[in-house]
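Take a look at the structures below.
What follows is chain A paired twice: with chain B in the first complex and chain C in the second.
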Partner chain A sequence: MLKGMMKTKLFWPIIVLILILVINLFFDRSFFSIELRNGHLTGSLIDILNRGAPLILISIGMTLVIATKGIDLSVGSIIAMSGAIGAMTVADTASEGSGPLWMAIGLSLIICLVVGGWNGLLVSRVGVQPIVATLILMVAGRGIAQLITGGQITTVYYEPYSFIGGGYLLTLPFSVFIVAFVFLMAVLLTRKTALGLFIESVGSNADASRLAGINSKNIMLMVYMFSGLCAGVAGLILSSNVMSADGNNAGLWFELDAILAVVIGGTSLMGGRFYLMGTVIGALIIQSLTTTIYSIGVPAETNLVVKALVVLVVCLLQSAEFRRKVFGIGKVKPTGEQKGREGVTLS
Partner chain B sequence: MAQQLAKLEMKNIVKEFPGVKALSDVQLSLYPGEVHALMGENGAGKSTLIKVLTGVYSIDQGTVTLEGKQVSINSPLKAQELGISTVYQEVNLCSNLSVTENIFIGREIKKYGRLAWKEMNQHAEKLLERLQLNIDVTKLLSSYSVAIQQMVAIARALNVSAKILILDEPTSSLDRDEVQQLFAVMRQLKKDGLAIVFVSHFLDQIYEITDRLTVLRNGEWIGEYKTEAIDRMELVSKMIGKDLAELEAISSKTTDISQSDTLESMLQANEVGLNGKISPFDLELRKGEIYGLAGLLGSGRTEMARVLFGADKADKGKMTINGKDVHFTTPRSAILNKIGFCSENRKTEGIIPELTVRENMILAIQSVYGWFRYLSRAKQMKIAEEYIQLLNIRPANPEQLIKNLSGGNQQKVMLARWLVTNPDLLILDEPTRGIDIGAKTEIMKLMTHLSKENKSILFISSEIEEILRTCDRIAVLRDRKKVQEFDNDRELTQQDLMKEMAGGM
Partner chain C sequence: MINRLSLDYKQLPLVATISLFVLMFSFGSLRYTGFFSTQVFLNLFINNAFLIVIAVGMTFVIVSGGIDLSVGSVIALTSMVTASLTMEAQLSPFIVVPISLLVGTVLGVIQGALIHFYNLQPFIVTLAGMFLARGLSYMISVETIAIDHPFFNFMANSQIPVPGGNFISISVVIALIVVFIAMFVAHFTKFGRNVYAIGGSEQSAMLMGLPVARTKILIYTLSGFCASLAGLIFTFYMLSGYGLHANGMELDTIAAVVIGGTLLTGGAGYVAGSVVGVLILGIIQTIIVFEGTLSSWWTKIAIGALLLLFIVLQRVIVWRSEKKHANG
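Take a look at the complex of A and B:
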C-alpha cells in the first residue's frame, strides 16, 4: 500500500506540504483552526489558499506549456498588463453598476489571450525558441503595463472591482472559486478529451506527433494562449485585491515561482507527461512556505535563502536516485535496465 | 584455433532484472583475429550480454576471463581500460561537434594544460586513414553521412587501443557499398589481431564476414557454431525455435500477380515532385496490391513516400485518390484520406517515447477523431490488447512506456498505430530494418494479409530479396528519380533490379 503510494508523483510533494503546515503548528497553536467571522471563514489555511490563488492559476497554465517542452517567462508581465488594463478601465468610474466590471474583465482577458497567442505564434509558426519568444514579451509586457499606468500606482475607487480578488462567496474567498473553476476546466479539457494526450505527445516527440496526424502547431499555440489567459485572471485577482494598478511590481518574478511549482509537482521540463494536481500542490508548497516564513518570524532578509533550501529538498526527495542513495528506500524502478534488454539503445 | 588461448571467456553468465531473467547460463568466447556473430531475435539477450561485457550492467553470477586473468567489469570505464570498445546501433556521437572532438571527447590530448588541437587532428586523421577514410576532421560531424559517422564511431572506439571491438548492428543504416567498406575495415582489424563481436540481422552479412557465431534465445545460450558449418535454415530455426517446415512455407511464398492488371486503381500521381527532393514521377497504386520501391539509400525512396503522405508538400503535379483530386499539405490531410505512413526513423519520427504502448497505438486514430471524440479508456484497452495479441508484442503490457520496448516491438506498435486507422493505403518505409527474423516474417505475413483485404501497400526496403518476394509491382529509384517500373513476374530477378538501381550498365 505504502509502496504503491510512494510511486505516485504526488507522494513526496504532499508529504512536504504537510510537513510545512505541521511545522507552523509549533509556532502557532491555532494554525489549523478556521473560524466563521462575519460570514467569512478565516484562518491561516484559508489565507494560504486565498493568497496562493494567482500563483496556482499561472502554474496551471505553465504546466501545459512545459508539457509541450516549452516555457512561458512572460506570465509575470502579463499579470502586470492584465491588472493595469483592468484597473485603468474602471479607475475613473464611481458608479455602482456592474457594467464597467464586465468591461474591465472582458478587455483584459481578451488582450491576455491575444498576447498569449503572440507567444504561441512565435513559437509554433516562426520557430523561435520558447525561452526567447516569451522573454520578448516578458520585457515588452511590463513596458506596456507601465505605459498604461503611466509608471504610477493608480488607485481604483470603483467598489465592484474589489469582488474579484477580495470578495466572498458562500463563506469562502471568491478567488478560491476562480481557481477551482480554472483547475476543473483544465482537468476536464485535458483528461476528458484527447487534448491532454495530444499535448503530452507533442511534448514528447513533436515530429512523430505531426506524422501521426496531430496538428502540433495548433496545440502549441493553444497552450500559450491558455497560459496567457490564466495569467490574465491572476492579474485581475491581484490588482482587485489591492484595488490599484501597479505596472512596475505586480506579478514580478511570478514566472519563476510558477516554473518551480510545476517542477515540484512532478512535470518534467523535458516535456511529455504533466500533472495538474501536482502543480497545484507545488504552488501550495511555495505559498505556504512564504506564509510560514513570515509567520514564524524568520528575518526577512533570509527569506529567499530558506525558500531555495526547501525547494532543493523537495526536488531531491523526488529523485528516486537520491532517495535510494541516502535512505536506501524506494528502490529505483528498473526501467533503465529493462529497456536495454534487447536491441535499442535509447539516449 | 581451439589450441589458441581465448582472448575472452564468459562462463555461466546470469543476469536478472526484477521479474525477468535476461541471461541465464550464457557462454561466450572470443579469439584474437576473429569476427564473432551474436545471433538471436529481439529479446534474446544480445544487448544485455553486450552491456554486461561493456560494464553497463554488472552480472549476478558467472565469470569473465580476459587473456587468462579473471576480471570484473564493473563500469564502462573499466571496460575501456581493459580494451573493450563498443559502437552502438544508433550512432551516439555529438553531431554538433567536429569529427576530432567526437573522437577525443573525454580523453583529450593536452599540452601545457591546453588542448593540443594540432596533435588531435593529426591523430584523428591517422585513425581514420586506418579505416580508409579521408575527410576533413575539423568539420562538424553532422556534415557527413550516417555511414561516415559510423566510421567515426569506430575510430573513436579504436582510439582506446582496443582489443575487443563490439559492433552492435553497425550496418543497419548503411547501403551496400558502405557495408563493403565497413567489412574491408573489419578484415583489416581482424588481421591486426582484434576480436570483433558483430551483431546484425542481415544473414548475408553474417555469412560474409563472421568466423563463428553464438546463438541466444530468450536469454538462454543455444550454442556456438562455426559459421561455415551451419546452414541458413538451421541457423534461423535455432534463433527462433520454430521448425524448418514452417519457415520454408513462409519464405517460398510468392504473390499471385497474374490478376494484378485487373485491379482497380486507388491512387494516381501525375508528375508529382518536390524540388531538390524528388523529381516529378508518375505512379499508380491499385487496390489490393503491394507496390515496392527499390533503390539505394538516398535514391529518393523515402522522399517519394513523404511527398505522397504530405509529410513534405509536393510543389508540382497532381494526385487523385479513387478518382478524386487531392492535395496534401500536411500528414493530417493524408491520414483523413485513409493513408498511413510508417517512417523509417522509428526513434525520431515514430514512437512517442514518454507515452505508453496503448497511447502510442491509438494516437493516429484519435487524431482522426479529433479532441472531443475521445476514445473511452475501455475502447483504448480493447484496441491495445487486440493488437498486442495480433502482432505478438512483448512485453504484453499496454501500460508499458514504449521507450522500454525493444526495437522490433516498437516497430510492431507503429504498425498497430496505422492498422487501427484501417487505412486504404499503408506506406511502410523500411519496416523490417533492424528487427529480427521472427518479427520480419510476421510483418510480411501481415502485408500479404492486408493486400488480400483489398488494401494497397507501398513497401520500401533495402533488401531486394524482400521486395521481390512480396511485391506485385516494383519501381526502381535512382538519384531521386523513378527510373523504371517492373511487373513482378517470374522472370524478374534480383540482378535486373540491381542493374537498374546501380544504373549505367
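Take a look at the complex of A and C:
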C-alpha cells in the first residue's frame, strides 16, 4: 500500500507540502484555523491560496509548455504587460458601470494571446529553441510594459477593477475560483480528450508525432498561447489586487518560480509527461514556503536560500544517477527513458 | 572550396555583429555632435568592463551547449563579500581579493559537478545557484555597504592615459587581459577544443575519449571565476556591496553572447564576438543617453529586437547548412 503510494509522482510533493504546513503549526497554534469574518473566510490557509493564485495559474500554463519539451521565460514580462494594459485601460475611469472592466479584461487577454502566439510561432514555425525564443519577449516585454505605464506606478481608482484580485464570492477570494476554473478546464481538455496525449507525444518526439499524423506545430503554438493567456489572467489578478500598474516589478522572477513549481510537481524538463495536480501542489509549496518564512520571523531574504536548497533536493531526488548512487544500484531499474537522457543537455 | 564556404557560414554571425557595431557607431556619429571620439569608444569599455568578463565566461558555457544563470547573483555576492570583509572585518585587500575570487569559483565547481555527475540540467542547477548566491548576499546584509578604502579608491579612480589624450581604467586592462587569455584558451589549447567538441555533440565527444567530465566541470568553474572577477570589477565601479547589484545581468550577458554570434545550440562561437556583443549593448545605451528624450526602457526593447534579428539569422544559417548537407 505504502509502496504503491510512494510510486505516484504526487507522493513526495504532498509530503513536503504537509511538512511545511506542520512546521507552521509549531510557531503559530492558530495556523490551521479558518474563521468567517464579515462574510469572508480568513486564515493562513486561505491566504496561501489567495496569494498563490497567480503563481498557480502561470505554472499550469508552464506545465503544458514544458510537457512539449519547451520552456516559457516570458511569463513574468507578460504579467507586467497584461497588468499594465488592464490598469491603464481603466485608469481614468471614474464610473461604476462594468463596461470598462470588460474592455480591460478583453484587451489584455487578447494581447496576451497574441504575445503567446508570437512565442509559439517562433518556436513552431521558425524553429528557434524555446529558451531563446521566449528570452526575446522576456527582455523586450518588460520594456513594453514600462512603455505602456510610462515607467511609473499608475494607481487605479475604478472600483469594479479590484474585484478580479481582491473580491470575494461565496466567502472565498474570487481569484481562487479563477484558478479552479482554469485548472479544471486544463485537466478536462488534456485528460478527457486526446489533446493531453498529443502534447505528451510532441514532447517526447516531435518528428515522430508529426509522422504519426499529429500536427506538432499547431500543438506547440497552442501551448504557448495557453501559457500566454494564463500569464495574462495572472497579471490582471496581480494588478487588480494592488489597484495599480507597475511595469518594473510586476511579475518579476515569476517565470523562475513557475518553472520551480512545475519541476517540484514531478514534470520533467525533458518533456513527454506532465502532472497538472503536481504543479498545483508545487506552486502551493513555494507559496507556503514564502508565508512560512514570514510567519516564523526569519529574515525574508532567507527565502531565496531555502528555495535554492529545495530545488536542488527535488532535482537530485528526480535524478536517476543520484538515486542509484545514494540508495543502491538494485532499486533503480535502467529504463529506456533514462538511457535516452544520457548525454542530453538542455539547449 | 566547399571547406572555405562552410567556414564562411560559421563566421557570418560574427561579420554581421561587427558590421552592426560599425553601423550603429556611424549612425551615432552622424546624428550627435561629440559622439565620434575615441573617448566615447573607450567609455564603452570602461562602463562595460564587468559585462565583458562575464560574457567571456558565458561564451564557454554556451559553446559547450549549457547555460549559466547564476552569474548576475554571483556578482552581487562577490561585491557583498568584498565589501563586508573590507569594511566590517577590516581585512587587507591582499586577503579580500583572493577570497572574493574563490566565491564564484567554488560555486562554479559545485554547479559543474552537479550538472555532470547527476545529469541535472544546467538551466535548473544554475537557477538554484542564482537563488542561493542572491540569498546569501542578502544574509550578509540587506543594506548597501559602501566601501571607503585606499586600495579600492585607487582601483576605481586611477586613469591610465592612452595616446591621444584619452584614458582607460584599470578594470578595462583586466577585462582585456581576460579576453586575450580566453581567446588563447578557446582556440589554441586542448581544453578549448574539448569545449567545442562537447558543444557539437556530447555523445561523440565521449565516444572519442575526450575528458567530458573534467571539461564540463572546468567550464562552469571558469564561468564562476569570471563572474567573481566581474563582481570585483563591478565593486571597483560601484564602490559598494549590495544584494541587488547586477539584477538581471545574466540576461544581458546571454543577449551579448547571442548577438556576438555564438550558437545557442553549442559548438560554434567566438570569444571576440561576445566582446563585440557587449559593445553593441553599450552603444545602445550610449545612443539613448545622447538622444536624451528616450527613456531607459527603450534599451530593453532594442535589445529584444536585436536578439530576434540574430536568432533568425542563426536559424537561416543552420537551414542553409542543412540544405547543403542534404545536397552534398
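Simple rule for what comes next: the second predicted complex is superposed on the first by the 313 of 347 C-alpha atoms of A that agree within 3 Å, B and C clash if a C-alpha of one lies under 4 Å from a C-alpha of the other, contacts with A are read in each partner's own complex, and residues count from 1 in each chain.
To be clear about the criterion, contacts are C-beta pairs under 8 Å (C-beta built on N, C-alpha and C of every residue); 3 or more make two chains touch, one makes a residue touch a chain.
Values in this document were obtained by computation on a predicted structure and should not be read as measured data.
Asks: Identify the partner contact of A:E200: answer first if only chain B is touched, second if only chain C is, both if each is, neither if none is.
Replies: After superposition on chain A, A:E200 lies in contact with chain B alone.
Asks: Thinking of the overlay built on chain A, is A:N215 touched by chain B (first), by chain C (second), by both, or by neither?
Replies: A:N215 contacts chain B only, not chain C.
Asks: Check the residue A:Y161 against both partner chains and state whether it touches chain B (first), chain C (second), both, or neither.
Replies: neither
Asks: If you stack the two complexes on chain A, which partner ends up touching A:G272: first (chain B), second (chain C), both, or neither?
Replies: The first partner, chain B, only.
Asks: Going by the contact rule set out at the top, does A:V311 touch chain B (first), chain C (second), both, or neither?
Replies: After superposition on chain A, A:V311 lies in contact with chain C alone.
Asks: Between chain B and chain C, whom does A:K192 touch in the aligned arrangement: first, second, both, or neither?
Replies: It touches chain B, and chain C stays clear.
Asks: Which chain makes contact with more of the residues of chain A, chain B or else chain C?
Replies: C
Asks: A:V132 in the overlay: touching chain B, chain C, both, or neither? Say first, second, both or neither.
Replies: second
Asks: Touching A:L147, do we find chain B (first), chain C (second), both, or neither?
Replies: second
Asks: Taking the stated contact definition, name every residue in chain A that is touched by chain B in one complex and by chain C in the other, in rising order.
Replies: Common interface on chain A, chain B vs chain C: 341-347.
Asks: List the residues on chain A that touch chain C in their complex, please.
Replies: Going through chain A, the ones touching chain C are 71, 122, 126-129, 131-133, 135-144, 146-147, 151, 247, 256, 259-260, 263, 269, 299, 301-309, 311-312, 315-316, 319-322, 341-347.
Asks: For chain B, which residues are in contact with chain A within the complex?
Replies: By the definition above, chain B touches chain A via 17-18, 20, 22, 42-48, 51, 56-57, 88-90, 92, 168-169, 309, 311, 330-332, 335-336, 341, 343, 347-355, 359, 363-364, 366-375, 401, 403-408, 410, 417, 434.
Asks: For a test of understanding, state which residues of chain C touch chain A in their complex under the given definition.
Replies: These residues of chain C touch chain A: 65-67, 114, 117-125, 127-132, 134-136, 138-139, 142, 202-203, 206, 243, 251, 254-255, 258, 264-266, 295-301, 303-305, 307-308, 311-312, 315.
Asks: Would you tell me which residues of chain A are touching chain B in their complex?
Replies: Counting only chain A, the residues touching chain B are 192-195, 197-198, 200-201, 203-205, 207-215, 271-273, 334-335, 337-347.
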